[in-house]
Amino acid sequence: MTDARQGLSGLLDTEAIRKDFPILDRTVHDGKKIVYLDSAATSQKPRQVLDALNEYYERHNANVHRGVYTIAEEATALYEGARDKVAAFINAPSRNEVIFTKNASESLNLVANMLGWADEPYRVDSDTEIVTTEMEHHSNIVPWQLLAQRTGAKLKWFGITDEGRLDLSNIDEIITEKTKIVSFTLVSNIMGTHNPVEKIIRRAQQVGALVCIDASQAAPHMVLDVQALQADFVAFTGHKMVGPTGIGVLWGRQELLEDLPPFLGGGEMIETVSMHSSTYAPAPHKFEAGTPPIAQAVGLGAAVDYLSAIGMENIHRHEQAITAYAVKRLLEVPDLRIIGPATAEDRGATISFTLGDIHPHDVGQVLDELGIAVRVGHHCARPVCLRYGIPATTRASFYLYSTPAEVDALVDGLEHVRNFFG
Amino acid sequence: MTDARQGLSGLLDTEAIRKDFPILDRTVHDGKKIVYLDSAATSQKPRQVLDALNEYYERHNANVHRGVYTIAEEATALYEGARDKVAAFINAPSRNEVIFTKNASESLNLVANMLGWADEPYRVDSDTEIVTTEMEHHSNIVPWQLLAQRTGAKLKWFGITDEGRLDLSNIDEIITEKTKIVSFTLVSNIMGTHNPVEKIIRRAQQVGALVCIDASQAAPHMVLDVQALQADFVAFTGHKMVGPTGIGVLWGRQELLEDLPPFLGGGEMIETVSMHSSTYAPAPHKFEAGTPPIAQAVGLGAAVDYLSAIGMENIHRHEQAITAYAVKRLLEVPDLRIIGPATAEDRGATISFTLGDIHPHDVGQVLDELGIAVRVGHHCARPVCLRYGIPATTRASFYLYSTPAEVDALVDGLEHVRNFFG
Amino acid sequence: MKLDSMYQEVILDHYKHPHGRGLRDGDAEVHHVNPTCGDEITLRVKYDGETIADVSYEGQGCSISQASASVLNDLLVGKELGEARKIQETFLELMQSKGQLEPDDAMEEVLEDAVAFAGVSKYPARVKCALLSWMAWKDATAQALSEGKTA
Amino acid sequence: MKLDSMYQEVILDHYKHPHGRGLRDGDAEVHHVNPTCGDEITLRVKYDGETIADVSYEGQGCSISQASASVLNDLLVGKELGEARKIQETFLELMQSKGQLEPDDAMEEVLEDAVAFAGVSKYPARVKCALLSWMAWKDATAQALSEGKTA
């Protein structure tokens, strides 16, 4: 233990928390306990979430919304109950504003497609512009590129400063009267940057553009209040917030969800169908075609309960402490360069870096041999790598179960990497 | 036990099988064991599938395809291993033809959208026609209605005969040189009808139309061989085949998947991304945007293993025996009218019926009180109800765990219903 | 048997012998469906000033939705709009009570036969059936009012 | 330590001192990327009849992908096309062996330094790194041939 760890305050009782996560006892490579530093890619799952899944399948499994028999009513109550939980978690004005998707990527594509097929005033077409940023995950770039190609709309974006912040200096040229939609990430998945929402929203509102926020890296880590954000759409994904894979969320303002056209067609999203024409159910069902991810929604509900019981403020405080410690210790490693904010201010618990000219793949491989799991590559945010002229980064990301000792293990591991390739 | 049950042959050892399904021990309404006759809506899950899910989350959970660390490699191997299993299960020529979606509805929407955005010769536009049938699940109607609206293409369909069979008498007028796609169900989810694939495929091939088969009600119940079917696309859904919710499959011919454009954009489906343009990964990844339903794919792999170990021929034989018995016994109930084929030939183990003028909701409610779970309503196939001039049906559907005693319980229950409303 | 709490004698009576069924002249017409089960109702309201002159309907559905429309006709025809609204709201409250609400005398006075639906409120899937005609009535009334056909 | 089976001395040497790196004149050029990690290579082939006159390349990537390109240059330049193909296929076989294949003398004779990659085949995520330049070479050769620049 280093001296630096002495002064750390705001930490959670990780000893207790880690007992909830069976995988954290896993060992690799001849008995090395894993040090899981890849929660930005996906989080681990507590026993409570797995129990909810099992309980659902073993006692209540049935298709939802259409059964009059007991377990179908139970399954429906559990599924819709999960919607209530998620709505409360993000402080949604109405439960009907919470749409379950398969992941954040589907949520973002859903918004892009709704706007492409919408009537005025929402319609994106060749006279209009779409705005995003250079800092986005591919899942918040490619849907807009596809929409631009399909409609002829122009795609514009905010650049990034040398410090890994959004460059909003030309905001009035980027967001104009032609802008229909501005979509950006609340927290960067590669650099951890926490973006200034208010400034962007204010300008978007000035010109009457809609705002979509990718909260995939925010929802797991801090209080997410969609009313306070004042955005029109907010997307996030279950597997990064101690929930199961296979479930995502799109929150949207009720009036918009009423006005906008459906995206996928099928069972569950209809009001009445004839061969000649169909009418659609009100939101959220209008946007949930087919049998929904029932068990996964139930699991996400349990995840939200788990996080809420610990408290999102407490989780955030814990991560801030860990991040401050990690930034400090990482900067002690020779030749290590942090890509993105090199302080603990306005940032999440995700830190990307390069280590001399050792390629991140090689860094990750050697760390794995020590049981340390970090992500290497472009992290589905290749424009950021292009921006900084680097092929890839090594990324360590922390969560409510991460400990200062794991930061130390990483720093020691990096020493080992340097020696190996030295 | 009735005499009729004596002669039944081809049954599976349901006593052993039922031990694998924890929920079948569930009781409702003061200790009544459930008689689950709604497998066409969703199937129950064996312990083996739940174990695979737990094992995944407790030991191997990580995001796939991008990690160099041990559990990420394990997760990737499990996820891609599930693709191998599904490919083998449907006799796909290549594993790369198996796309994981969230459900069959997404699979069908994926096909519709690919064709809408495609270049020639696949492009659906206002000069072309789309063909489906009156027997489809809404999930194979609404996507085509949306495509027709969005592109101006004309939607045509095959009608149904009084006996619940597809009316192919006018096939040459329905499928014409203008037809780009013919999409139909292999087995009807409301009437159980097993449709004649060959005749439709032959005509479609004559005019150069693509063929999409909705195998949602076939994959769980019989050998599904995509090469023998000779279709271009085959869609089905995991939760109906003892797999988890949140996972579906689209199989497509490799050349088509190479030629057709992507649908959803995002992480995983790209080759390289810059702000100005992106290129896409080869299939199947091109069609799998975002973090896939990893655990659910693993669960589906376990489901396929489970079904294969019992043997799809054996499952089919079992269901045929149960169906023949059920048809026979149901026809003994006064005022009961089967909607759809009233024999056991060329049909699956799904039987819809009306009972005098007692509304199906009331039938279902009284049966539930006895622990019997049947589905009531239009079963997401409202055009079929319109066709027969009925508001709804009661539907009993059987699977590998269904027993003749459960058929008897249903028949006794229906007597009880008649007395209640008599 | 628990079923009897849903299928009260009164409900089965209304189901078998519905009151006021059939479409007659009206100020506004609406068509409502219950997408989860396909129950449908076409309903017309006729106002005579503030008084409900008629509620006529046609539709298909289960015993609960049919009986509920019949009870609605019984209860609302001849009432003043304000009173009708109170009845509708009380019925809604009862149906959303998840079986937790034991109708008291005051409620019974307002709802008359409709208190028989208390048992239905325990069955979430059937609550929509019971409410179908009431929602249609509310909607039709709003239309009639906005078209200025009543005071 | 298991790592040493991947990071053989030979591999680290090629990584630190790559052979034939840089882009020179060629008959065909291809650009390959590994979408899962972002490794990239631009590779040119030059043929002199059936003989590989040069393989030049530029790119970014990890030690494995860089060393592999260097080894490729060593092995293939100067070879006849038929022989080069055999080397490529043998390397592919080794890399797809999941660590199950113990290179024998015959293989060692064909692959020379490239047998050092045997340990990499145990790491599925790295196999693509090792194959990147080889796939690029195959593709570039196919292009050069179809453009009729070689026999």
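The first chain written gets the first letter, and so on, giving A, B, C and D; residue counts start at 1 in each chain.
The rule is simple: a residue touches a chain if its C-beta (ideal position, glycine included) is under 8 Å from a C-beta of that chain, and two chains touch if they have at least 3 such contacts.
Since this is a predicted model, take the numbers as computed values, not measurements.
Colleague: Which integer distance in Å separates the CA centroid of subunit B from that of subunit C?
Modeller: About 38 Å separates the centre of subunit B from that of subunit C.
Colleague: I'd like to verify one number: the distance from the centre of subunit B to the centre of subunit D, where each centre is the average of its C-alpha atoms, in whole angstrom.
Modeller: 46
Colleague: When the centre of a chain is set as the mean of its C-alpha atoms, what distance in Å lies between subunit C and subunit D?
Modeller: 77
Colleague: By residue number and range, which residues of subunit C touch two or more other chains?
Modeller: Within subunit C, the residues that touch at least two other chains are 36-38, 123, 126.
Colleague: Going by the touch rule set out above, which residues of subunit B reach two or more other chains?
Modeller: 29, 66-68, 72, 270, 272, 361, 365, 376-377, 382
Colleague: Quick one: do these chains touch in a line, a ring, a star, all-to-all (complete), or other?
Modeller: other
Colleague: Among the chains present, which pairs are found to touch?
Modeller: A-B, A-C, A-D, B-C, B-D
Colleague: Across the complex, what residues on subunit C touch subunit B?
Modeller: My answer: residues 1-3, 6-7, 12, 36-40, 60-64, 66, 123, 126, 129.
Colleague: Show which residues of subunit C lie in contact with subunit A when the two form their complex.
Modeller: Interface residues on subunit C, with respect to subunit A: 33, 35-38, 123-126.
Colleague: Give every residue of subunit A touching subunit B within the complex, in rising order.
Modeller: 22-23, 26, 28-29, 34, 36, 38, 41-42, 44-45, 50, 53-54, 57-63, 66-72, 102-106, 108-109, 117, 134, 137-143, 145-146, 150, 155, 157, 237, 239, 244-248, 262, 264-270, 272-275, 277-278, 289-296, 361, 364-365, 367-368, 372-377, 379-380, 382-383, 386
Colleague: Per the contact definition, I'd like the list of subunit B residues that touch subunit C in the complex.
Modeller: By the definition above, subunit B touches subunit C via 29, 359-362, 365-366, 369, 376-378, 382, 385, 391-392, 420-421.
Colleague: Inside the complex, what are the residues of subunit B that reach subunit D?
Modeller: 65-68, 72-73, 76-77, 270-272, 281, 285
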